[in-house]
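Heads up, the next two complexes both have chain A, just with different partners, chain B and then chain C.
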Partner chain A sequence: MARSTGDDAQALFHSLRSAYAATPKNLKIIDLYAAFAVFTALIQVVYMALVGSFPFNSFLSGVLSCIGTAVLAVCLRIQVNKENKEFKDLPPERAFADFVLCNLVLHLVIMNFLG
Partner chain B sequence: MATATARSPIILLALISLFLHPFLSASLSPGESPKGRRVLVLLDDLAIKSSHSLYFRSLQSRGYDLDFKLADDPKIGLQRYGQYLYDGLILFCPATERFGGSLDQAAILDFVDSGHDLIIAADANASDLIREIATECGVDFDEDPLAVVVDHIGYAVSDTEGDHTLIAADDFIDSSVILGNKKIEAPVLFQGIGHSLNPSNNLVLKVLAASPSAYSANPKSKLSNPPSLTGSAISLVSVVQARNNARVLITGSLSIFSNRLFRSSVQKAGSSTRHEKAGNDQFLTEISKWIFHERGHLKALNVKHNKVGEADEPAMYRINDDLEYSIEIYEWSGSSWEPYVSDDVQVQFYMMSPYVLKTLSTDKKGVYSTSFKVPDVYGVFQFKVEYQRLGYSSLSLSKQIPVRPFRHNEYERFIPAAYPYYGAAFSMMAGFFLFTFVHLYNK
Partner chain C sequence: MAASEASSAATATATSLRHAFGGVLSFFILLLIGVLAFSIRLFSVIKYESVIHEFDPYFNYRVTQFLTKNGIYDFWNWFDDRTWYPLGRVIGGTVYPGLTLTAGTLWWILNSLNIPLSVETVCVFTAPIFSAFASWATYLLTKEVKGAGAGLTAAVLLAMVPSYISRSVAGSYDNEAVAIFALIFTFFLYIKTLNTGSLFYATLNAISYFYMVCSWGGYTFIINLIPMHVLLCIVTGRYSSRLYIAYAPLVVLGTLLAALVPVVGFNAVMTSEHFASFLVFIIIHVVALVYYIKGILSPKMFKVAVTLVLSAGLIVCFAVVAILIALVASSPTKGWSGRSLSLLDPTYASKYIPIIASVSEHQPPTWPSYFMDINVLAFLVPAGIIACFLPLSDASSFVILYIVTSVYFSGVMVRLMLVLAPAACILSGIALSEAFDTLTRSIKFQLPGISGGKSEANAGDASSASAGAQIDVVKAGKTEETAKERPSRKSKKKEKEPVEKPPINPRNEKKLLVLPFEVSIVGIILLVLLGAFYVVHCVWAAAEAYSAPSIVLTSHSQEGLHVFDDFREAYAWLSHNTEVDDKVASWWDYGYQTTAMANRTVIVDNNTWNNTHIATVGTAMSSPEKAAWEIFNSLDVKYVLVVFGGLVGYPSDDINKFLWMVRIGGGVFPHIKEPDYLRDGQYRIDSQATPTMLNCLMYKLSYYRFVDTDGKAFDRVRRTEIGKKYFKLTHFEEVFTTHHWMVRIYKLKPPKNRLRGKTKKSKSKTSSASSSKRSGKRARNPWQ
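And now, the complex of A and B:
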C-alpha cells in the first residue's frame, strides 16, 4: 500500500512537471518572480521570530512589500495567461500597465512606512 | 482723631508691604515672623486682667500687643476697611451671651477662616455663644450647664477635702512641637467643664486629657444617671489646626490661666511628691507659643526642578527624562527661620494618581532634593508636596508640568535590527525593475 502511494505521488509529481513544462516562458518568469518574493517574506518572518518585533513598522513594511509584490505578480499572471478566457478581451499591454501602476503605489506606501 | 493719625502710617506700611509681598516672600528674610503680634483679649469683667496677669504678662514679654476689651464693649471690631486689626483673639469671656459692636459668632469664625489664631476659655457657667463657637471648632462641651469635671482619684490634694473638682491632670499629648522640648514635670491644675472631640473632625487634637477615673457631672447633686462624659474621652484642653493653618485652643476652664493656679503648689492624690509650682505656667506658655505660631510653623520656598545636567527649569519634560527636584523648607523658631530637618518629606509626580513617590533627602541646611526618571507616560503632571505632621503647619504645594512623548524626529533614523527589512523592501523594488525588463523584452 505504502509502495503504491509512493508510486502515485511520483506519478502525480511527474504529470505536474510535464504539464508545467508546457507553460509559456513568460508565465514561468512571473512564477519565479513571485516565488522569490514569498521566499524573502519567509526569511523576514523567521528573522522577526529570532530577534523580536521591535521596529514593528519596519517588519510590517518589509513583509508586506514582499507579499504585495507576490500578489501583484499573480494578478499579472492571471491576466496575461492566454488560456484564461476570462480576460481574453484585455490586452496584455493594458495588464502590464496596471501591474506597473500598482507596484508604484505599493512601493510608495512601503517607503513611507518603513521608518 | 489722635488714634486715626497714629494709625495712618501703619496702614501705609501695611499697603506697601502688601505690594512688596510677592518679592519679600521669595527671599528668605530671617527676622520676618509668620504671624503678627496684635491680640485682642475679650473679658467678662476687667478684674480678670489682674487675676490672670501672669499669663498676660508672659504673652506681653514675648512681644504681643494685647488689647483688652470688655466683651460687651460696643466699639469692638475685628476688621476695619476690610483689613483685620488683630492677628489673634483671646476669648476670656465665658458668660457673655452677646458680644458688643459688630462681633458675633460668624465674625469670629471668619476670623479663623482667614488664618488667624483663637483661644477660647469656657467655664462652669459658659454661655450658649461660647459653646456654639466651640462646637464650630469641633469640640462639644458637656450639655448639662451645672456639670463640671470631677475626679475622685486624680484630684489635687488640698487642705480641705472639697468636692474633688480641682483636678491634677498630667495626661499630655506626646508632641514636642506643641508642648516644647522640656518635659512638663508638674501636673496641671484644672477646674472647669469637660468637652469631647467631635469624631467627624480629624483636625482637633486632645492636648490634655482627663484621667480614666474622671467624669463630668454636677458635684452638688446625687448622681442618679450615668454621666454622659467619662474617663479619658473627656478632653480638658484641645487644639485645632485648621487647613489654613489657623490654630485654635479650647479649654473648659478659665481658672487654668489664673494667677492662683499658676502660683499654686500641686500634689496629685496618691502621689507622694509635692511640686512647688503647678504645671499650668509651663504648659500654657508653651502651648500659647504653638498657638501663636512661634513654633511648628513651616514654610517652603525655592521649588526648583530641572533636567539632570542642566540648570534652567524647562517648560516641559519628555518621557524618560532624568530630572532633579529640590525645595527648601524652613521652620520658624520664634526669632528666625531655621532649616527644618526631617527624613520623611516626600514629593509626588502626580497625574490623577502618583506615578512617582520619592522621599527627599536633606542636606540639613533646609534644602531637600531628589532625582528621578519621568515615567514612560505623557500628560499633564504635577510636582506635589503634601506634608502634614502632628503639630507642624501643613505644607501643600503643587506645580504643574507637562510631559510630552518623543518627537517624530527624536527616534533613530536607521535601526540596525531593521536592516533585513530595509533590504527586503529595496530588493523588492530592484526585483520589480528587473522583472519589468525581462517581461518586456522576453518574446
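And now, the complex of A and C:
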C-alpha cells in the first residue's frame, strides 16, 4: 500500500512537471513573481511569530502588500493565459494596464497605512 | 410567424438605430427617476421646514459644522469635551466619517463655485440627492442581472420605496442616507467584475467598498454576503476565474482600506465579522489551485492526486480549523460585537444588553410594517426569485442570496428593513419587467399589425426592455415559445395568488403557448393597477408617515393645524439663559440635540458607548430626590431636562421610557430593582403605583405642578389621573417649562449650608418664589 502510494506520488510529480514545462515563458515569470511574493509574506509571518507583532499596522501592511501582489499577479496570469477561453477578447495590454492600476491603488493604500 | 418574418426583414441599421433610441430613452427615464427620487423626499421641507430631523442627524450636523469650520485635520483629532462629561469623546476615531465628509465636500464644492449655501441646507438635501444616486445604482445592478428593462423598473421602484424614504427624507441626515447608495453600488461593481472579469472593476469595487465602510457599520453585511456568494458558487460548481478576480483582490484591498478608517481600524482583521471573508479567501485559493491542476493534468493522474491530497490535506485542514476555533473561543464574546450577535441570535440583546434592546429600531418588526415599508413588493418578490432561476447565472444567484439574507436580517431588526428594500426592489423590478415582457409579446404575437407602438405604450417603463427583447425573442422560433410559456404562467399566477408558487409541471401546459389576447390585456391592466396602488401608497407614506421631523410636531384639531415647537423652545432657552459651561443632564435620547442646538455639555448622548455612565443617569432618574441630587451634583450637573407628554398626549416621553432607565440603571447598580416600580407586574403611575415609583425623580420632575393645569392631573398619554398630585421639590427647582409642557427644565438647588430647621424655612421661601413665577407664566400659557 505504502509502496503504491509512493509510486503514485512519483508519477504524479513527473506528470505535473512535464505539464508545467509546457506553459509559456511569460506565465512562468509571473508564477515566479507570485511565488516570490508569497515567500516574502511567509518570511514576515515567521518574523512576526519570533519577534512579536508590535507595530501591528506595519506587519499588516507588509504581509498584505505581499499577498496582494501575489493575488494581483495571479489575476494577471489568469487574464493573459492564452488557454483561458473566458478572456479571449481581452488584450494582454489592457490586462497589464489594469494590473498596474490595481497595484498602484494597493501600494498607495499601504503607504498610507504603514504609519 | 408573421412577426418573425417581419423582424428578419429588419436590417442591422434599423436595429442599431433602435438601440440608440432605446439608449436615449432610458437616459431620460433615468433622469426622470432621479428627479422623482429627489422630489418625493421634499415633503418634509414643504410641509414643515428645512430642518435637520430627529436625534442622530443633529450629531452628524454638528460634526459637519465642525469639519467645515476647522478643516479635515482638526476633524480627525477632534476630542469633544461637550459630551459624556466628564469623560469626553474622541469624535474623529469613533465616528463613521463617510456622511460627514460627503456633505462637507459638497458644501466646499458649492462654496468654491460661489453658491453660498449654508451647511444646514447642504445637510438637509444630502439624503435626497443620494437617493437619486441609489436608484441609478439600482438600475446598473439590475441591468447587470437581467437587462435594461428590469433595471429601469427596479430603479423606479427603489426611487419611492417607503422603507428607504423613511431614512432619506430631506433633513434625515443620517449614515443610512449615503450608505444605501454605497451598498448598492458596491454590489453592482461586484457583479460587474463577476460578469467581465476585469481587474479595473475589481479596483473600483474595493474603493466603493471603502466608501461603504466609511459610511455605515452595515458594511459587515457586504463583507459577509459576498463571501457567502463565492462559497455558493464554489459549492454549486460554478467556480470560474472571473469569480477569483472578483473576490481575491477585493478581500486584500478591502481589508486594507477598511483598516484605514479609524473607527474600524484593526477590527478589520481582528473580529469575527470579518473572518468569513478570510476563510473563503483561503478556500478560493485552494479551489483555484485544484481547478488549475485539473486543467493541466490528465483525468487519471488527477484522480491520483485527489486521493493523495485529500488524505494529507484533511488533517492539515482540521488542525487549522481547530486552532481558529480555539482562538475565537478564547475571547469572551467570541469576537463578535453585541449588535452582530443580536443579529445571529435575536434574543441575545434582550437578554444581555438592555441598551441595545431599548432602542425601538432594534426590535423585531411586526407583519404590518412589512406591508407598510415595502408594500406590493412583498408579493412581487417571489415571482422575481423564480424569474432569477430562469436561467440561473452568477449574477442572479447573487441577487437571490441577497434577498434571502436580507429577509432574515430584516426579521431580526426593524432598522435592517432598509437593507431588504433594495433587494425587494430589484427582484420586483425583474418580476414586473418579465411579466410585461410576456404579456406585451403575446399581444404583439396575435396582432402583428399594431404590435410595435402598442406594446411600448402599454409597457410604460418596461418598454425599452420589450423593445430590446422583441428582436432577440422573435428570431428564435421554437426556443421563444418555451421561454414565453413559463413566465407567462407565472405572471398569471401572480395576479391571482401572488405568494403562492406555481406548480412544477411545465410539460402538461405545453399547449398554453400564447396567452389569449384578452387575458394579456387584463393582465397588463391589473399590473398597471398594482403599480398605481404602489405609487399611491408610496406618496402617502412619504407625505404623511415619514416626513415628520420629530422635533417639530403638528396635530390637527377642530381649530385647525396646531404646531408644537417645544423642543427648540427649550433648547433656545438653554442656550440663552445658562452659562456656556453648564452641564445638562437628560436621558440619552436628547443628548445629541442638546449639544447641537443648545451648545451645552451633556452627561450622556445617543452614542451610548459607555453603559455605566448611562446607568448612572438612569439610576439618578429612578432614585428619590435626595439620592438623585447627590448623583447629579457629583457629575457637576446644573440643569436636568425631562420630556413630558402628559399634557398634550405626546407618547414618546420620558415616563414611557422610564422602565428602560430602571433596567439599564439596575443592570449596573443592583439597588435599583425593576419590580419596585411595578404593581403586580404592571407599569402604572396612577394611585395604584408603588411608593418607589411615586417618589422617584422622574415622576416628580414630570408631574411637578401638573395638577395646576386642569385641577385633576389627568395624563393624556397614560389616560389616567396621576397618583400623587400635590408635592414639593426639595432639591430641584423648576426654571423653565415650555409652551405645551413638553420639555421641563429644572435647576439643582445649591447645597444647603444651614441647619435642618433653618433650611426648611428657606425651602418654603424658594417654593413660594417659584409659585409666584408660576403664576406669571400661567398668564401666557393657554393650556391652563
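The definition used in the following text is that the second predicted complex is superposed on the first by the 115 of 115 C-alpha atoms of A that agree within 3 Å, B and C clash if a C-alpha of one lies under 4 Å from a C-alpha of the other, contacts with A are read in each partner's own complex, and residues count from 1 in each chain.
The criterion applied here is as follows: a contact is a pair of C-beta atoms (placed from the backbone, for glycine too) under 8 Å apart; a residue touches a chain by one contact, two chains touch by 3 or more.
None of the values given here were measured: they were computed from a predicted structure.
Participant: Looking at the overlay, what does A:Ile30 touch: chain B (first), chain C (second), both, or neither?
Facilitator: first
Participant: Should A:Ser61 be classified as contacting the first partner (chain B), the second (chain C), both, or neither?
Facilitator: Both partners, chain B and chain C.
Participant: Which partner does A:Gln44 contact after superposing on A: first (chain B), second (chain C), both, neither?
Facilitator: first
Participant: Examine A:Tyr20 and indicate which partner it touches, taking first as chain B and second as chain C; both and neither are also allowed.
Facilitator: Touch partner of A:Tyr20: chain C, not chain B.
Participant: Which of the two partners, first being chain B and second being chain C, lies in contact with A:Ile110: first, second, both, or neither?
Facilitator: In the superposition, A:Ile110 touches chain B and chain C alike.
Participant: Using the superposition on chain A as set up above, list the residues of chain A that contact both chain B and chain C.
Facilitator: In chain A, positions 61, 110 sit in both the chain B and chain C interfaces.
Participant: Which residues of chain A touch chain C in their complex?
Facilitator: Chain A reaches chain C through residues 5, 8-9, 11-12, 15-16, 19-20, 22-23, 56-57, 60-61, 64, 67-68, 71-72, 74-76, 78-79, 83-84, 86-87, 90, 95, 98-99, 101-102, 105-106, 109-110, 112-113.
Participant: Show me the residue ranges of chain A that touch chain B in the complex, using the header's touch definition.
Facilitator: So the residues of chain A in touch with chain B come to 25-26, 29-30, 33, 36-37, 40-41, 43-44, 47, 51-52, 54-55, 58-59, 61-63, 65-66, 69, 73, 96, 100, 103, 107, 110-111, 114-115.
Participant: For chain C, which residues count as touching chain A in their complex?
Facilitator: 197-200, 202-203, 206-207, 240-242, 244-245, 248-249, 252-253, 255-257, 259-260, 266, 269, 288, 293, 295-298, 301, 304-305, 307-308
Participant: How about chain B: which of its residues touch chain A in the complex?
Facilitator: 411, 413-415, 417-418, 420-425, 427-429, 431-432, 435-436, 438-440, 442
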